[in-house]
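I have placed the structure first, in the form of structure tokens, so that the comments after it can refer back to it.
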Amino acid sequence: MAEFSQFGGGGRLRHLLTLDGLEPDLIRELLDRAGAWLSRPGELPRRGHELQGWTVANLFAEPSTRTRASFELAALRLGADAVNLDMMLSSRAKGESVLDTIYTLQAMQVDVFVIRDAEPGVPEYVARHVEPQVSVISGGEAHLSHPTQGLLDALTILQYKGGFRDLAVTIVGDVRHSRVARSASTALAALGVGELRLVAPAELMPDADEFPGALRFESFDAGIAHADVVMMLRIQRERIAATPQPDLARYHELYGLTAARLHRARPEAIVMHPGPMNRGVEISTDVADGPQSVIRRQVTNGVAIRMAVLAHIAATRRGCAL
Amino acid sequence: MAEFSQFGGGGRLRHLLTLDGLEPDLIRELLDRAGAWLSRPGELPRRGHELQGWTVANLFAEPSTRTRASFELAALRLGADAVNLDMMLSSRAKGESVLDTIYTLQAMQVDVFVIRDAEPGVPEYVARHVEPQVSVISGGEAHLSHPTQGLLDALTILQYKGGFRDLAVTIVGDVRHSRVARSASTALAALGVGELRLVAPAELMPDADEFPGALRFESFDAGIAHADVVMMLRIQRERIAATPQPDLARYHELYGLTAARLHRARPEAIVMHPGPMNRGVEISTDVADGPQSVIRRQVTNGVAIRMAVLAHIAATRRGCAL
Amino acid sequence: MAEFSQFGGGGRLRHLLTLDGLEPDLIRELLDRAGAWLSRPGELPRRGHELQGWTVANLFAEPSTRTRASFELAALRLGADAVNLDMMLSSRAKGESVLDTIYTLQAMQVDVFVIRDAEPGVPEYVARHVEPQVSVISGGEAHLSHPTQGLLDALTILQYKGGFRDLAVTIVGDVRHSRVARSASTALAALGVGELRLVAPAELMPDADEFPGALRFESFDAGIAHADVVMMLRIQRERIAATPQPDLARYHELYGLTAARLHRARPEAIVMHPGPMNRGVEISTDVADGPQSVIRRQVTNGVAIRMAVLAHIAATRRGCAL
């Protein structure tokens, strides 16, 4: 199969399926642009016309309030029409193939597909087949990739820490099955993060050839020591059952972020979580709502990142137009 | 727990969770403003820019075509972006708490949450926790409160009767479990209704300390005599099973509004129903579609009331802005 | 019951429930107007203001991504507000009658109802009851009628063949249960198609009094010979089970369109399918994606036809306004 590239002309993104291969300058540009879409607290959100006349279709095969709503609002605030399709409930239920659904929507002049699917490879498969003027953005692909989440995590760290070079970032939980961890680590590596640490029980630790350069810890206490950023992952209850700590209370004791444990990080460390949180499991409520938590800022940054990505893709297309 | 107030600055509404405590002047202002959003029959609906740039999220945990669509259209016709979230199908299904869903959407800069939930206290619980610039409107709270319904009922009565002072209003059916009856009676009491009557079988009559001043009747024929307004409530089939008249035909005979029974009211009495109707149970089809029925006007007024409430809240916020 | 007419003033459409009775000139006008809504490949879709201030409600009782999305985009691109209601999941679930749902939405000032329902007669039943300024468009009615599909099929043939007079059009598959076949044949007959052929196993052939003038073939090879247009229909798997060829492979052998069989048609014949396709059953993948396939063009034309119908209905209403 031919090499696939998510880039259009001039090294600019036509699609966004993964952060792999993105130049640091491009990532920094996207973070910078996203920052410009943020408004001050209490103000109405910034709006633009970059997607006026465009149609964005959100195709989410998993239920997901937050990411779908985030993309929908990003599209609407840039002037696009947005249509939501639950692929499991619609034509796929009649046996239509994914690609025929895409071809159909493309023929209705959908310009951007935002796709979340539990099956690996779906976004690239779609992106390989759409027409030249159509773009695909991954809204989360299996355990592999969640590029806008990686960007919003990087933006959040940048806002609070001013840079990446001197930071120790600790990612905690089910790293093995986490697209959030993969995309965050790719972004952070590209941006030159000082030290990336993974904390997980052995069963949930990724294979050795993944996360190059990351330090690995089974002990949360060891992995969090003097960290600048503590990024907690959502744990699936069924994953816990597969570990030697098969109950929630025991998991919380070993891998839950509590105030006591957070004291081992740097005093000004920030706490992140991609949501939705299992309060009392991977994170205690006092930490989730505490002064070091930047979890809600991540969500706000998520809309801004998605606006930046959509506007970037629109600019790429205009640059390519004859 | 600290006292909660739904008011913002200057005695104006920041939230709308209940009609309890609303000054008559404020209710009259809302009815007046709603009237200004009505167009003439056959004309396109009035539109405004009061919510331009705002985002309204409709969170409905119960299926409800009419109220959700009414709020959605009210928001769109004022220029807002509207997103619909079925809370039962989305992140709550993953175990996310109500509050985390709210915080997440708030962080995406949702300005107004319209919330319908079967559990008492959810709207206030949310309103206590949102940021100062965010508003909550109840779209129906358990059996307790349905404030926009109460306002639209008052508006409808005002349109047809010109006032409240000399009226006898009869509310009929499952008053005990009805948020519609509670909000209507609060509005009518504030507006100085002449006489409020409740008609219900004993099992469906509210406790004695509720509906102060209302006259109570087990006999529909007695309660409807010379009434100016007959407000029928929707009956749940499972409620009928709990009464001594456990079948639909018998319930209809005792508590259904028929043309014959309507003759006992004043000749110019109006017939109301919040919908959806059980035709042939609490109301006969000839009455529902007859010349005294104002049921469709209630629906039209519902959109106008929701526009008035949204615009009022937007004005409150602008008044508070620095 | 009184005669029903879908026409408003001046022989123009107020509703669109069926293509029966449409004058050829009116059909040609709609095709012509639809053509004007098409943009060049890669360009953004054309937009208009014809429905500015209007509200279009899509009521689909069957799951159907493509047609619902097509109507939604047509409405949005003409400036309307669009609300989607899954009637099976909303107030009907509470026992509300279809008509009360319609009356409620009408009272919210919905201007156009797009209705798809498996039950025959629902669109006309609704159209008989709505107020004079409200229109109903069928989005597919049982096995009977799918008028916008018939128009988009005619438009597609016109684009590729320049006319209808000298054409042989072959419709293949479950003609008996197909609203697509019925509406296409009505449109083609009105436009003076040269020859209409139906190909189906006996069990799936319509009754003799339907499709007047059409030639009928049990043999696909006979029916496709020298055809200019081959219109494949979607087969329901449960229908196959009712034929003497009760498995998919056997059905494909007898009634599937393969490259070999397509060779029997004229060399420049076009291949159509209303979607969603059962690839490998009624159509082979190489034909579906081959150079003679115009299936995606049909989808694009579908949005344009729906915009033309909506704009036509809006013009009818403006013409009638006092």
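As written, the chain order gives the labels A, B and C, with residue 1 at the start of each chain.
The rule is simple: a residue touches a chain if its C-beta (ideal position, glycine included) is under 8 Å from a C-beta of that chain, and two chains touch if they have at least 3 such contacts.
From a predicted model like this one, the values you see are computed outputs, not experimental measurements.
Taken chain by chain, the contacts link every pair, so each chain touches all the others. In the CA-based superposition of chain B onto chain C, the rotation angle is 120 degrees, rounded to steps of 5.
Between chain A and chain C the centroid-to-centroid distance comes to 40 Å (mean Cα coordinates, whole Å). Of all residues in chain C, none touches 2 or more other chains. Residues of chain C touching chain A in their complex: 39, 41-42, 44-45, 47, 63-66, 69-70, 72-73, 76-77, 275-279, 296-300, 302-303. By the touch criterion given at the top, residues 53-55, 57, 81, 83, 85, 87, 89-91, 93-97, 100-101, 103-109, 111, 131-133, 321 of chain B touch chain A in their complex.
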